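All remarks here apply to the structure that follows.
Chain IDs A, B, C, D, E and F follow the sequence of writing; residue 1 opens each chain.
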């Protein structure tokens, strides 16, 4: 079955991002397709690359990125949420003249149209917030 | 069509009370994260377990040390089963 | 799993938004509105329901100037502009908050729990925040 | 010593109910942000306005269109007065 | 304003922490604990009160392994290690959640609303989250 | 009178950061001293420099930074919160080999000792979360 997940929660501040990650890993493991991850609102912080997490703690951003790359998942950071929170991919970083992208390359900044597309092409949309 | 409702905050949130008002016969409720504290509250769950199937996420119960006192009317499930439940119902409604 | 279940949905989907948060204090009301407008732009069937604290969004005479915020009441008028006609306020939520019809923005249809329940049941996807 | 208590979430949060339990005579309560919805609820405020002074932040009331229906027992104040209240009380306890 | 008021406080301050949040679901329990430990390190008079959902932090047998999180129950034992002896659990909050004394971590003193009220009143600074 | 503010909330997601900013401006205007701003938990995002805010919206990060510089306020981003959220000053960015600091130069990454110091040296500590 085709799933898309919408993630509204920043990592660490609530458990929701961690729950979403476990859910995503489990559905992929079961052979379902993860059509799209859509990070919205504070959820965009899950794609941040500039984070430093203690050795004995789970690094959610890195685990998201590894999952996305391993399974070639389409991962979208909502542009309106991302800009005001400073999570920028290469393109946006260049456009706004920051020296460096702050988002993992595994995710791409795009608009809400990608959410609508996910709704239309997925059997299930599951929200984590 | 049936819905799986997830609830992720403690009983103080009154999320279940909101959910119950709009639940349909054949729906199911899954308590996750801080929502699992509902599973130890006979008063909060009394009426609902008669009309819909109620689940709790085992990982969150283990973490919080609430599994042992979870009510019999609640089925503890793992994340893999959570994914299956999403498939078995036509949609997922998240209460957070 | 049957083939039927793994097939993606048709190009026109029925999507219900339940806006359950008060305006201004958190940004959930805005996120919910943004998603609905995007769905409307892509010509989906959108239902919009104000439930619980969400009905506070409907109070007439809001003005975000005092806190340097955009006024959400104005944003709601855009629901109609974007062609979203199925906009409902939950009667019980209004009553619990002692809000009179006279205090509300124009154009709201009242709805009760049973009808919300049916709306959720008949939707392909539900967003609830 | 007296405390100024601030409350910033809507009545659904039950923050006032928690605050009331530990409030002292001479304390004051200031509703800010979504907390100002409390100021339109005679039932929620009934008992408390008899024992402590109650304020609401005017900017948040104006924004939310609740100022006109604010109860007489609540004094609407601006941020400058909020700062003064912090000085007049010995400490500030924020409920959020 | 008098001179007395503008004078900074003495080197030893009475600081009360009210921990009102359930563990794991949000990070507030951790933030509250971190602040208290820092105050203890700098030899302040620290009171620590578990109120409302905060009493869930006191349940015996917690194990964060299932969600790859640190176990907060263990962290609470550090309160004692850091020399914080005034640690209280609110009786009414425990009762409202049907938590028996037998379910609790050892070393908790019970407190009632009146005593919490006095504790707040006699403190120089209160953190409440 | 000497104030210190502790800010737990990210900008935009809740109103609290905006309230704190208005409060800070007002107290300075009244001639009080703002001894320290302490950004904790999600509050560290208030010091982020990489953000892009729409012209017609309030840019909270920039307004904080201007207030801090204009009045020479001591502004601290808590190190444990900041690292895992990717808000790094020059020193931390260099240490962890990121190409650029993501925090405004008006704030400095430091530990909870600075909070304890603020408690001891302020007449009032006010929390915004």
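One rule holds for everything that comes next: a residue touches a chain if its C-beta (ideal position, glycine included) is under 8 Å from a C-beta of that chain, and two chains touch if they have at least 3 such contacts.
Computed from a predicted model, the values in this text were never measured in an experiment.
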Practice prompt. Compute the shortest path length in steps from chain A to chain B over the network of touching chains.
Written response: 1
Worksheet entry | Neighbouring chains common to chain B and chain D, by label | C, E
Item to complete: Name the chain pair with more contacting C-beta pairs, choosing from B-E and B-C.
Response: B-E
Fill in: Most distant chain from chain A by Cα centroid
D
Practice prompt. Let me have the rounded angstrom distance from the C-alpha centre of chain A over to the C-alpha centre of chain E, please.
Written response: 34
Discussion item. Report the inter-centroid distance (CA atoms only) between chain D and chain F in whole Å.
Written reply: 26
Worksheet entry | Centroid distance [mean C-alpha coordinates] between chain E and chain C, Å | 39
Worksheet item: Considering chain B alone, which of its residues make contact with at least two other chains?
Response: 8, 12, 33-34, 59-60, 87, 91-92, 94, 96
Item to complete: Scan chain A for residues touching two or more other chains and write them down.
Response: 1, 8, 12-15, 19, 22, 41, 57, 123, 125, 127, 129
Practice prompt. Indicate the residues of chain C shared as contacts by at least two other chains.
Written response: 1, 5, 24-27, 52, 67, 69, 124-125, 128-129
Worksheet, complete the sentence: chain F residues touching chain C in their complex are 12-15, 18-19, 22, 56-58
Fill in: Residues of chain C touching chain D in the complex
22-26, 52-53, 56, 59-67, 69, 71, 73, 97-98, 103
Discussion item. If we count contacts the way the header does, which residues on chain D are in touch with chain C in the complex?
Written reply: 8-10, 12, 33-34, 37, 40-41, 58-60, 62-66, 68-69
Discussion item. Quick check on the complex: what are the chain A residues that touch chain B?
Written reply: 1, 3, 8, 14-16, 19, 22-23, 26-27, 29-30, 32, 123-129
Item to complete: Would you mind writing out the residues of chain E in touch with chain A in their complex?
Response: 24-27, 67-70
